[in-house]
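These notes open a run of structures that come right after.
Shared chain: chain A. Partners: chain B in the first complex, chain C in the second.
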Partner chain A sequence: MHSFGYRLNGLLTFAVTILALMCVIASLSDNLNIPSPSAEIQIMNINWFQKQPKGSDEVILTMNISADLQSLFTWNTKQVFIFVAAEYETRKNSLNQVSLWDAIIPAKERAKFWIRSSNKYRFVDHGKNLRGKEFNLTLHWHVMPKTGKMFADKIVMSGYSLPEEYI
Partner chain B sequence: MSYFTQNSLLSFLGYPVSLQTFLPLSAPSLHFTMDWQGQKLAEQIMLLVFAVTAFVAGYVLGSFQMMVLVYAGGVTLTGLITIPNWPFFNRHPLNWLDPSEAEKHPKPQVTVSSKKKGFKK
Partner chain C sequence: MGWIGDTVDSIKSIQIRQLLTQVVSLGMIVTSALIIWKGLMCVTGSESPVVVVLSGSMEPGFKRGDILFLHMSKDPIRAGEIVVFNIDGREIPIVHRVIKVHERQDTGEVDVLTKGDNNYGDDRLLYAQGQQYLQRHHIMGRAVGFLPYVGWVTIIMTEKPIIKVRFPCDMDCLN
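Presenting the complex of A and B:
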């Protein structure tokens, strides 16, 4: 407490410690928010279903994705990362997950949307198991905060299947 | 950590702490001094009040940026009030002991008694 420098240091240290505490409380306040999201995915068309030369099955499909994820946003949300994954079971693996499409939602206004798109990432199997395969399409989301803990959850939509024979 | 907060923290934790009165060697050149205890208290209270206000403002308005801006403004205001030696906070200054006077009365030496575990006669 002798000089300008000492007092400035003391003040700034205390101020930054309190700022850290405020960020912790802000992150805890996210738990007060109870989200109620909804989503729906339709497969419009299977464009391509073949096995790669000397390789595994590959699918290209067009999806219609519509969702309302506005209730996920709080004052402490920076962005929401969403992706659609196809999940199915084979003889070798009890769960296969293939990410087909993803997006970043930067603000609450953009969280209610619909989009028609083919899969961004290749839907390739480990092997040749996809003929007549039933699969789920799951919409996962990660709520990324400005400070604190990230929340992740998903909606599982079932009842999709691939054709019995290659197209 | 500042001297006083360190002192009060140590005394809170139970450590023996001696609060030495300062004999600033440059006393004649310190024209304006502040009440350091009061300054520390004022700083702590102002920062806490601004923190609570900023958090409530941010939460109600739903804007994280608002919280940080209000808090930053609060920190600056607190700094402006507590850090510089404002003359109007020094209406009743302490009378420091003159250095030449202090030399005539040296501080008593504390005799350190050595502890011996056992006497062997």
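Presenting the complex of A and C:
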């Protein structure tokens, strides 16, 4: 019972158990944090609105995004992944979500920001349904912890719409 | 002929009871590991409740060697979720984020496009020939939690055959 092998085994088992317990407690402590984020998105300009040669509609637009997400960060947060998605309904599809822009916020200090950007990813429909379409812009965030459970939530901003005719 | 006699003697002197006890104990350990694994499969509703991150395409969020806990519920797939999916014909599952969702009115079926956070372009290059979107049946689960570094044990075991140990096949095969 006192050989090196047994002692090492006992030590390793104990260490792993304690580490696992610490990870669980760290993750549970995230539940104590009540976030209160805020965000605002303005569409500055629709730069391009045309039908692609293959047939689907495509939009290029410029947005002003300002947000304060500092309350999402806890000591157990590694980064917060945020993205802006356009959400709309068409005759054929009950829900379409197209991610337009995303960013990674590595630290609390950078979580309050203002940025003007055109869409990083192509806003392409599954068809030709975008003329005059009303859509919501939703800011989603995904809190990725140093260890444990991930949280995700969103703010929905509605009231945006595309022009009736191609530009 | 002397050594045959010696061998027979040494075989007779092995205590059958002790040997059997050891074999049964080993069997119990292997079986309980299998029970826990299958139980997790039931509880999380996914074929593979734990996966190891094998590539750096989701950095800095998930690094190579992290372990992800998966859960598959009947909730519809939405943009922003981190999903684990299999491409037809490839056995290694991929962990990326959903960036586009098109859900049909009538059938409720979804077309989903994914992209790794650290990749420049979306995953259409990874999909099968001619495939533009993923459907629900490709997706094995959503990532709901993670543990850093623990997956290196599996990576070392599968990539360095010298150290390969025979575990219940499910744990290794699905990673």
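What we mean here is this: the second predicted complex is superposed on the first by the 163 of 167 C-alpha atoms of A that agree within 3 Å, B and C clash if a C-alpha of one lies under 4 Å from a C-alpha of the other, contacts with A are read in each partner's own complex, and residues count from 1 in each chain.
As a working rule, contacts are C-beta pairs under 8 Å (C-beta built on N, C-alpha and C of every residue); 3 or more make two chains touch, one makes a residue touch a chain.
Keep in mind the model is a prediction, meaning the values are calculated, not measured.
With chain A as the common reference for superposition, the partners chain B and chain C occupy compatible, non-clashing space.
In the superposed model, A:Phe4 makes contact with chain B only, not with chain C. Of the two partner chains placed around the shared chain by superposition, neither chain B nor chain C is touched by A:Ser36. Legend: residue contacts after superposition of the two complexes on their common chain; A:Trp75 is shown touching chain B, with no touch to chain C. With both structures placed on the common chain, the touch criterion links A:Lys146 to chain B and to chain C.
Touch criterion met: A:Met22 reaches chain B, while chain C stays clear of it. Of the two partner chains placed by the overlay, only chain B lies in contact with A:Phe14; chain C stays clear of it. Across the overlaid complexes, the C-alpha centre of chain A sees chain B and chain C at an angle of 40°, to the nearest 10.
For chain A, the partner touching the most residues, choosing from chain B and chain C, is C. Across the superposed structures, the minimum distance from chain B to chain C, using CA atoms, reads 13 Å.
Note: residues 146-147 of chain A belong to the chain B contact set and to the chain C contact set alike, using the contact criterion stated above. Listing the residues of chain A that touch chain C in their complex gives 23, 27, 78-79, 81, 83, 85, 91-99, 102, 104, 106, 121, 126, 140, 142, 144-150, 152, 154. The touching residues of chain C, when paired with chain A in their complex, are 60-62, 76, 78-82, 97, 99-105, 108, 111, 115, 117, 122, 143-148. Put simply, chain B touches chain A in their complex at residues 1-5, 22, 24, 36, 39-40, 43-44, 47-48, 51, 54-55, 58-59, 61-64, 67, 71, 75, 78-79, 82-84.
Those residues of chain A that touch chain B in the complex are listed here as 1-2, 4, 6-15, 18-19, 21-22, 25-26, 29, 75-76, 146-147.
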